[in-house]
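Labels for the chains are A, B, C, D, E, F and G, by order of writing; each one numbers its residues from 1.
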Amino acid sequence: MALGPAAMGYDRAITIFSPDGSLYQVDYAFEAVKRGWTTLGVKTKSGVVLLAEKRKATQLLDVDGIEKIFMLDDHVGCTFAGLASDGRILIDYARSQALQHRLIYDEPISIEYLTKVISDVKQAYTQHGGVRPFGVALIVGGIDKGKQPKLLMTEPSGQFMPYYAVAIGQGGYTATEYLEKNYKEDLDIQSTILLALRALMATLKPGEKLNYSSVEIGYADVDSGTFKKLTTEERSDLLQKI
Amino acid sequence: MALGPAAMGYDRAITIFSPDGSLYQVDYAFEAVKRGWTTLGVKTKSGVVLLAEKRKATQLLDVDGIEKIFMLDDHVGCTFAGLASDGRILIDYARSQALQHRLIYDEPISIEYLTKVISDVKQAYTQHGGVRPFGVALIVGGIDKGKQPKLLMTEPSGQFMPYYAVAIGQGGYTATEYLEKNYKEDLDIQSTILLALRALMATLKPGEKLNYSSVEIGYADVDSGTFKKLTTEERSDLLQKI
Amino acid sequence: MALGPAAMGYDRAITIFSPDGSLYQVDYAFEAVKRGWTTLGVKTKSGVVLLAEKRKATQLLDVDGIEKIFMLDDHVGCTFAGLASDGRILIDYARSQALQHRLIYDEPISIEYLTKVISDVKQAYTQHGGVRPFGVALIVGGIDKGKQPKLLMTEPSGQFMPYYAVAIGQGGYTATEYLEKNYKEDLDIQSTILLALRALMATLKPGEKLNYSSVEIGYADVDSGTFKKLTTEERSDLLQKI
Amino acid sequence: MALGPAAMGYDRAITIFSPDGSLYQVDYAFEAVKRGWTTLGVKTKSGVVLLAEKRKATQLLDVDGIEKIFMLDDHVGCTFAGLASDGRILIDYARSQALQHRLIYDEPISIEYLTKVISDVKQAYTQHGGVRPFGVALIVGGIDKGKQPKLLMTEPSGQFMPYYAVAIGQGGYTATEYLEKNYKEDLDIQSTILLALRALMATLKPGEKLNYSSVEIGYADVDSGTFKKLTTEERSDLLQKI
Amino acid sequence: MALGPAAMGYDRAITIFSPDGSLYQVDYAFEAVKRGWTTLGVKTKSGVVLLAEKRKATQLLDVDGIEKIFMLDDHVGCTFAGLASDGRILIDYARSQALQHRLIYDEPISIEYLTKVISDVKQAYTQHGGVRPFGVALIVGGIDKGKQPKLLMTEPSGQFMPYYAVAIGQGGYTATEYLEKNYKEDLDIQSTILLALRALMATLKPGEKLNYSSVEIGYADVDSGTFKKLTTEERSDLLQKI
Amino acid sequence: MALGPAAMGYDRAITIFSPDGSLYQVDYAFEAVKRGWTTLGVKTKSGVVLLAEKRKATQLLDVDGIEKIFMLDDHVGCTFAGLASDGRILIDYARSQALQHRLIYDEPISIEYLTKVISDVKQAYTQHGGVRPFGVALIVGGIDKGKQPKLLMTEPSGQFMPYYAVAIGQGGYTATEYLEKNYKEDLDIQSTILLALRALMATLKPGEKLNYSSVEIGYADVDSGTFKKLTTEERSDLLQKI
Amino acid sequence: MALGPAAMGYDRAITIFSPDGSLYQVDYAFEAVKRGWTTLGVKTKSGVVLLAEKRKATQLLDVDGIEKIFMLDDHVGCTFAGLASDGRILIDYARSQALQHRLIYDEPISIEYLTKVISDVKQAYTQHGGVRPFGVALIVGGIDKGKQPKLLMTEPSGQFMPYYAVAIGQGGYTATEYLEKNYKEDLDIQSTILLALRALMATLKPGEKLNYSSVEIGYADVDSGTFKKLTTEERSDLLQKI
């Protein structure tokens, strides 16, 4: 068995650099993200849409009871791909930070600042010993003061970037390709939702179909400025349209 | 002896990622679950049933004195497969959390929230050094406010999911197969108990038999909203029926 | 030398899982138990008997000064096999817990609860780094409120189970075989003591003999509800009877 | 595979010396810097210019939302190459230190002292166990009291030095060559900005072009003594001039 | 070189079990005891005698200034074999515990309890990481309340046992053999001292001789109930008698 | 590749002895010193001179902004060779200690005591785990009370010694040779400075030249008793003289 | 290369026992002692003499400024061989303990007790993780109350012993041989000093000579009861006599 540099030990100790300046543990944590269910976000002038696929390993799984789109505050939601239990910890943290901000400043937390706050926790878990990085990427989206739609994705390294559209998880590569070809900035919110849904459909294998149970959708439109999740009926209607 | 990636060390240090984004220690903890006694839960419209097998290694074991179905609060119970001593620690924790919730909010804790609280402890034991993950999976079931039956299973990783029916431990695979074929959502509570019992029977080897000592059964029906365990007589009667 | 999975390192770091879900350090701690002096407990309707063998490595050892049967509280005693110094620490802890219970609740501690309290300490030593598991198994026996005889054995893992009869240490396997064949639940307390003693005798090598110095016996009968140790004379008389 | 001294383990444990007196982890952290986007600073008599390239991995990246030039205080800014999340932590720290200085002393912090404060944190992360060095180099520039332009670069080791001009990241070597040939100390601020921009252009591959989205520019001129970032329009105008 | 299980690493990490349930570090600590100067204790009906050999590595060693028999309290003394610096720490601890007992309870500490207190410290050093076991065995002897002579030996593991006579260190095996043959329980105190001295003499190599400088003797007789050390003259007289 | 004892692991763990009683990490830290810029000190009856070379890796380095000679207090200065960031930490510490001494005792700190205080920190970093030794040697020089010139060098081990003259860094060996041949104790301060400068010149490669930018000079003369650094003009004049 | 047991790892981890009961790290620390400058102490009826050699690695070393004989209190001094920086830490500690003793008890500290206090620190550094043993042996000598001369040597293990004469460091073996042949207990103090000096001379290589700079001498005579160091003149005179 040939041993590349990865196998020589740089990837086994937490938070150390390899000779080429990589942090392998952080790279491997991203692999956990790539193995997650497909998750994506789209930002247009009319608002932001978050969309997450849910897959049934067994018929006995009560997939409707699984939440993949989370409201963080009135104006902002998030979704994730990767280790679900890691994601939960960060989402709890984000919610408490958003709430605290409202209590102290009496106004909604800025979406970029909220993303930064999550990402700072992630960074700390890549630099200090005795812990492993978070194996999860979060897509955060919502409407900031001044009717500003915002969409950001935060990586296991703690790096975060703003996107027009972003897709992660198993179908992330295919969905990104679809979005690169079809994205337009001036869609209305309904069309934005449909674009997101079609991007997810592009990742399905032949014969696979989406139904209201296998997708969760959240959106925040510039007009209302609030983040809402689609109900089962709304999702059914939407899927029938397509 | 051929060394696969597991043998190259990714599985020996606690809480680190392998190149494919796995946490081997967490996967191995799940093996401890698979070696446990068969345990299962079924949720129908009429309520939730938890059922655990008890096996006698020696005749001298006082199997009636062993508890495998635990009441966490009036409305919710749980069972587990895996390391019994690990399970005990989490059950104690769950009980104190449920009690504390009643004291502070004067109402029963939501079953999903209670499961989340247990799972957050589990997650922490997969991300921080100096500890090992919990080698136990818990099935939590009961009736929430509004006569909502709930059934959730929490894995060693700290991930938890809602199920219509779920089976873990040595006979978990066979019992799951049985349940997938025979599960119906609109059974009455008595039929739900019988379904659970038949799923366990499907895991017996030829010649093996269940008796009142080798199975423990708990249930919560929508009408009463409380979690109860079957007495020895009730179990005897039930087994005679089948 | 062929290296099995144990030799590949899963058994050297404390508190980590092997690929098959075992905790080797805990398994090895049980080996220390198996190397201890033979110790056993028997529970019948009339009460509970604890019995421990004492072996003389040298004539100069003042074997009468060695205590192997310990009173934990008026109604409960214990014995152990394995590392004597580890056992002592747990027995001290158990005594202080029993005393504290009396002080706070003004009633004797339940025997199962006392065993749980010991076992929780043991569990912690298998899950946290920087310590090794306890290399000792304790047999705890006594009479609970309502004249309930109780007999439990707690393993190095922190798992504990109730038994009708249980034997550990060097002669544990042979004594268990004897007890499986000869155990009856409705013996009077005197016959229970004799059964325990005969189980120990079954473990002697040809030519070996028991005398009052080589065995220690404690019992708790349902009538008195208290735990007592046999005096030298009582043990002599008993051995002469057999 | 031939193993040089690096592969013999001196580079795997944090914060230890190799036989030749190197700290490999610190050297490797510098590799992360070399892999970052090109970033540079130029100091002339008229002021200081900081310039950072931004590259689009995908069209969907909202590159205008990414900040690479940061104001630390009215009179001083900074940019970085390397791990963005590491950089963010240090910039937050620098800002709070600058603010605190103003609050306590009622005057702007000296730029060299501010750089030293950042660098002391970096040094600590190279000497103490349980952490890794910061994988980021910061270029700090601004105008000190007395109209003194200042430009410093701080390395992952915690060493910092003053420069007339300095370039780091992927194009660092080429940009440095360009600056060594074309640097003059007595340029006006406009010409200084142009020099910085041309140094970045020298690093472009054939066919690549800069536009207002792919570069961020900040400067502090001796006259105003304040640090400003160029707007989108200013950058467009500038690029058109060239 | 053939590697037995010891060489496979079970003996290098502190406080872990080998597959056969041994704690190698504790076993090795006992080797340090076996390499110490010969030390022994004898208990008869008339009292307890402690005796320690002192060997001169060089003529320049002021052997009379070395103390090997220590008074712990009026009624109890001790001696040790193994690492002298480890022994000193435990003796200091024992003295402070004995003193504290007198202060709090206004009566002498029981000798077995004092030995237990020392042994509990030893046990802790075998179960917790970051420390090594104590490389010393102590022989503790004296007269308890009710004119009870007591003699106990505590091992590096923290196990302690009562003895009629016990010998450790380089000549421990030979002295034990002598004592096993010649020990009688009803000697007067003078004869007990002579027995101890002759047991030490049995360990001398041909040509070696004891003198008042090469042996230290302490005793506690039942009549006085106090622990005393023999003076140089008393030792000279005694040796001349033999 | 032949492995000497160094390669067998004694040099990889911090703060442990090799079989020959060496602390390899400390030896390796000294290698970092040897790779530093040449630095030297000379003490004569008239005073003490410290001198440090500064080398330009690139023309863009603002070498005049780099400080290598540091005033610690009015009467004492220092310079260093090795890791600049490590040196900075110790110099900050030395300054605060000198200041504190003035505040508490209202008199200048003794130079040997100040050096001891720095060296005690260094020693601690060689004996405790979780840190590496300081990779820097400091030359401390000045005038103590009673017009006593003092010159000391402190090594990474924490050992410090007084010198008539001492040179470290890349040119340390050559400069030491020059000083051994040319040192005289009764030079006036001007001649002492020239001796130091000539010793540095002896380390230049053929063709290399010193200019006012490539050397920094500090001195303390017995008459004034204060430590001063030469200005750019003074250095230019001096170099022209030679 | 043949690997003895030392090379198998018992000597690399701090504070663990090898199979033969050795603590290799402590043994290796003693090697550092053996590599130190020769140091010796002699005790006679008239007093105690401490003597330390000082060797010049370079002519530029100000050997007169190096102190090797240290006063700890009026009545007691010490010297050491081994790592100078380790010795300094222990001497500082000893001085503060001696001072504290005077403050609390208003009388000089007993020399054996002072040595014990130093040795307890040394012992702790051999039993707890995260530190290395002290690589230094101290010779402590002085006059106790009642005109008692005392001479003790404390090893890296924390063991200490009283001596008539003791020599350590590079020439320790040869000096010990000389002292064993020539030591007499009833020398006057002047002759004791000469004996010590001749013992050091015995360690010189052919052609080597002692001068007043290469030796430091301290003594405490029974009459004055105080510890004094010889001045340069006294040392010159003494050497001329011989």
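Just so it is clear, a contact is a pair of C-beta atoms (placed from the backbone, for glycine too) under 8 Å apart; a residue touches a chain by one contact, two chains touch by 3 or more.
On a predicted model such as this, the values are computed, not experimentally measured, just so you know.
Separating the centre of subunit A from that of subunit E, both taken as means of CA atoms, is a distance of 68 Å.
Chain centres here are Cα averages; for subunit E and subunit G they lie 30 Å apart. Measuring from the averaged C-alpha position of subunit D to that of subunit G gives a distance of 55 Å. Among all residues of subunit F, those that touch two or more other chains are 13, 129-130. Taken pairwise by the contact criterion, the protein chains form one closed cycle in which every chain touches exactly two others.
Circular chain order, beginning with subunit B and continuing to subunit C, reads B, C, E, G, F, D, A (contacts as defined at the top).
Of all residues in subunit G, only 1, 6-7, 11-14, 24-25, 28-35, 58-62, 65-66, 83-86, 88-89, 92, 125, 129-135 touch subunit F in the complex they form. Of all residues in subunit D, those touching subunit F in their complex are 3, 8-10, 13, 15-23, 43, 112, 116, 119-120, 122-123, 126-130, 151, 157-159, 161-166, 176, 179-180, 183.
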